[in-house]
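Each of the next two complexes has chain A plus one other chain: chain B in the first, chain C in the second.
Showing the complex of A and B:
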């Protein structure tokens, strides 16, 4: 129980709560949209951190769970008229199931081979869904406008999805911290440091890795449903965009992998920077600065990797001993 | 469906496959020598495409002459990328090199999109058609396949008949031991990355002579390179050519039996299965 008194946990939770609740109290739709993007990024990064930061397996396929979950949820709503909460759980469950099935097979691969396989899985699922008739093939699924009526119209439905994403990100932080401080989490971290040694010490590595993969897949599955429900339609190219996976990786690297606060700070920083660049009016020569958004993100990432590989939180913990008791 | 059609698809597939093969060869060489998966490979292929396009449509230079220039620029660029982005993290966990090369990819694609937009380009160059019995082949594809085979032969000679080539193979085999034998491994690694980049640029330049493209097109060929790499054995540059031929034949023949959109599904499933069953590739090679 002592771990729940740690200031680092409360600090992280407070940051997420403050970010999430600000638009609720001001009832500002613009703030809500920004908040949605940021909380989505935070939950994606925090969930990816379970397999990448704690276990040390770098997955480029995190978006496959987001996309497949989103598709399942949209299918349940569109074809079966399922209520949103059920669709969200259905999306999460499908992604968790996929992770369970895949995990046993591809988690045998180590290092870069695993990373490559996850790229392959994402592309295989994307191209398959684009051919899969119940999911609408290449055009995807588009919701009827009347679907939103049972939630009190489109405006209320948007608030509903926003409450959903707050709940998921708060859950993500608590869950991630619970794993990090549990015996199971200790097993994961020993796999990250030395898998063979962990096995010798009695960690049942294939099971532990698969469970970590399942836990990290469940959240994006639910998030996908919320996002595409809010969006009104889902297409293969949006649902399985490899770049989205990599953005989540970058957020974790920015903040510090393997920490609780890191992915939260990284996601917040990345989305803020992106928002600033996209709305900036500055010019470089004859071209607007926002055309260089990708270049600036790339440069930033390169600098972090080359000079501060531990990320912001990791770096602070290394530099200042007293922060080790506060940041987690 | 008659025999002539099947034969044409098959030969077309083989010709394209050879060009895919050379793109994958670059990826494989880099992986084999320094255990880096180059996620900037696609962006470098795109740069090769634009290099040939700009030299041809801007300066009126013959595409195959442009290709020589593009290859040299590719070599220099590769060495530069290695020195700036990879040297510092070459011994760090593999995530660092994956993300460092991806950062380079973002920078190139970002600059490329700002400069060239994403409107499709077409080089508008033709060598006519070649009739061979029942076969009608596009001249540009035939020449592309011949160029690729020549480059492969040169690469083979370089790797197996010159001292520097021997150094590259030694570093690839065991870097620590190679260093103890007095091989300047830092320079060899930079050179290998340069050669890998050069092969990507050549592949891009050749593809540009017969397909239209945008700055984002390279990504597609990067994915094909991954599949080919796994087919032919990661780290085995010459296996890439065989892998390319296999993929080319699949792409030529499969659309005759199923809708075109199912072909990538088959390719990626094959990719995962081979990774799982035999990560060293169909052609074997060391693990």
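Showing the complex of A and C:
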């Protein structure tokens, strides 16, 4: 019980809530869209952190859960007329199921082999979906504009998906903290430090790893449904874009893996910076800064990974002893 | 000590970058203001500029794929649109019924060729940049995402580079398509074949397994069956395929025509493989690749290959609105130093569609401009423009048709592109059979 009074938990939760609720109170649609992108990234990073930060298994294929969940949800909405909340849960459940099925098999691999296997899984699922007729094959699934009517029109539907992403990111933070401070979480962290030693100490590692994988897959499954519902269509290339996985990894590295606040700060910093660079009107000489946005983002990553490998939160904890009691 | 200095340096770099990024939005007008001035010298109608009328600026917003896989096509489309804007502004803008004159300015962001931020950026264009009209991103998938925002905020959006029919069957009322829809990409090839040889009956369809190509061949197959053709093979290949031998082996030896393809690289490779394997089809028509000048790099394997194009510099339409093809080509070359592709022509045509709509409506009011675009029926250098106005297919392009080119040999034996269909635009007879 004591762990729920920790200031680090409340700090993280407050950051997410403040970010999420600002557009709600100002009713500013532009802010809402930026908020959606950031909260989506935060939830992706927090969920990936469960398998990567806590358990020490680097997954390059995290986007597979996002894509498959998104497809399942769109299928439920389009073919069965399912309401959005049900579709969201359906998407999460399908991804969790895939993780459960895969977990026992590929989590036997360690290090680079596991990372490569996750890329393979993503490619395999993408190819499968591109040939799977109920999911529309290569043309994907498209929603009629009228689908938004039952939610009060497109404007209200966009707000609804936004409330959804706030709820998921708040849940993600609470859930991630719960795992981190639970006995189960301790087991995961002992696997991260030394898997063989953890086994000797009584952690049933295959089960623990599989459960961590399932938990980390459930959230992206739900997020995918919200994103593709909002966009009105889903295609294999968008759903299983490897770049998105890698971006999530970078966000965690940026903020600090294995911490609660790290992925939140990393995702926020990364997405906000990319967003600002993309839409900036500033000029470098006679060229717009926005033409350089990838160069600048890349340089920034390089600087951080070279000089602050523990990420921002990790670095702060190392440098300032008193922050170790505040930041988790 | 050294370590912490490094760390401090890193933090400073991040902070200064972040500040720079938030900081300086003040200088934005400079490049936009220069461009029309530079174009004024080359625009044909510059001297018509009225002396002193009340001026309004209409902002046209869009995202372009400045980075990522769609960069080349998107940049050309962007250039075409910019040329239109510069020429209209240099010619004095568009006069409205109340005597004011509308000039255009554009506002655009990079969508990085993916969907992640399309809705975010379009919302920003509408709510913060106060865009009056929208142009779609390049490609159907991205255009679909942006259409939700356009429709929600009641903004007219002209799509260019977004060929899939399905976008216009989703119930939008403000989205208009400049391109011939995907369903009509290859059906003209079949008409061409029927015209060249009434006895040809067996068709093999081999296509890339992606949204666009699948949409195209689904419509092609239905049309072929309706016309009494026998589709002896319909086979998809993965994007990025380079070895076509297994698929070619499945094509029956007595096939009359092979149709399909996907995008540039695979289409070119497939044509080469067909030639290398000595496939004896009398007629081959492939998507996207043949109209590109670099298609001829495969040498004699390119001979006889037919391909649909949204627009060809060779095809001379007699426009009743906007510049002639020759004028467009000349202005485009002067501005960007290269031959315009159909992507560039499409970008220009999107501007013409808006311009005509605003002129007819005599105002910038969305309902009035919508009614005007609904009733557009014009011949431009890009071809015929007319939209479906039924509830089921609103905004679908029904006027424009594809131009079909074929690689032929000139007197000296060099490969040249000729327009062979439609008959009214042809520059040479169809070579048939090619084998």
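The rule is short, and it goes like this: the second predicted complex is superposed on the first by the 321 of 328 C-alpha atoms of A that agree within 3 Å, B and C clash if a C-alpha of one lies under 4 Å from a C-alpha of the other, contacts with A are read in each partner's own complex, and residues count from 1 in each chain.
The rule is simple: a contact is a pair of C-beta atoms (placed from the backbone, for glycine too) under 8 Å apart; a residue touches a chain by one contact, two chains touch by 3 or more.
Not measured: the values here are computed from a predicted model.
S.K.: Would you check which partner chain A:278 touches, where first means chain B only, second means chain C only, and both and neither mean what they say?
M.R.: Once the two structures are laid over each other on A, A:278 reaches chain C alone.
S.K.: For A:315, decide between first (touching chain B), second (touching chain C), both and neither.
M.R.: second
S.K.: Should A:293 be classified as contacting the first partner (chain B), the second (chain C), both, or neither?
M.R.: Both partners.
S.K.: Counting residues of chain A in contact, which comes out ahead: chain B or chain C?
M.R.: Counting residues of chain A touched by each partner, the higher count goes to C.
S.K.: Using the superposition on chain A described above, determine whether A:138 touches chain B (first), chain C (second), both, or neither.
M.R.: A:138 sits against chain B and chain C alike.
S.K.: Contact-wise, after the overlay, does A:17 reach chain B, chain C, both or neither (first, second, both, neither)?
M.R.: Touch status of A:17: no partner.
S.K.: Once chain A of both complexes is superposed, is A:170 in touch with chain B (first), chain C (second), both, or neither?
M.R.: A:170 contacts neither chain B nor chain C.
S.K.: Which of the two partners, first being chain B and second being chain C, lies in contact with A:130: first, second, both, or neither?
M.R.: Both partners.
S.K.: Report for A:93: first if it touches chain B alone, second if chain C alone, otherwise both or neither.
M.R.: neither
S.K.: Can A:250 be said to touch chain B (first), chain C (second), both, or neither?
M.R.: first
S.K.: Indicate the residue numbers of chain A shared between its chain B interface and its chain C interface, in ascending order.
M.R.: Correct list for chain A: 127, 130-131, 138, 291, 293-294, 296.
S.K.: Within the complex, which stretch of chain C touches chain A?
M.R.: 4, 6-7, 9-10, 13-14, 17-18, 20-28, 30-31, 66-67, 109-110, 112, 114-121, 123-124, 127-128, 141, 144-145, 147-148, 151-152, 164, 166, 170-172, 209-211, 213-215, 236, 238
S.K.: Along chain A, where are the residues that touch chain B in the complex?
M.R.: So the residues of chain A touching chain B come out as 58, 105-106, 108-109, 111-113, 115-117, 119-121, 123-124, 127-128, 130-131, 138, 246, 249-250, 253, 287, 291-299, 301-302, 305-306, 309.
S.K.: Could you pull out which chain A residues touch chain C in their complex?
M.R.: 28-30, 32-34, 36-37, 127, 130-131, 137-140, 142-146, 148, 153-155, 158, 230-233, 235, 237-238, 241, 243-244, 273, 275-283, 286, 288-291, 293-294, 296, 300, 303-304, 307-308, 315, 319
S.K.: Going by the contact rule at the top, pick out the chain B residues touching chain A in the complex.
M.R.: 31, 35, 37, 85, 88-89, 92, 94-96, 98-100, 102-107, 109-111, 113-114, 223, 226-227, 230, 259, 261-262, 264-265, 268-269, 271-272, 275-276, 279
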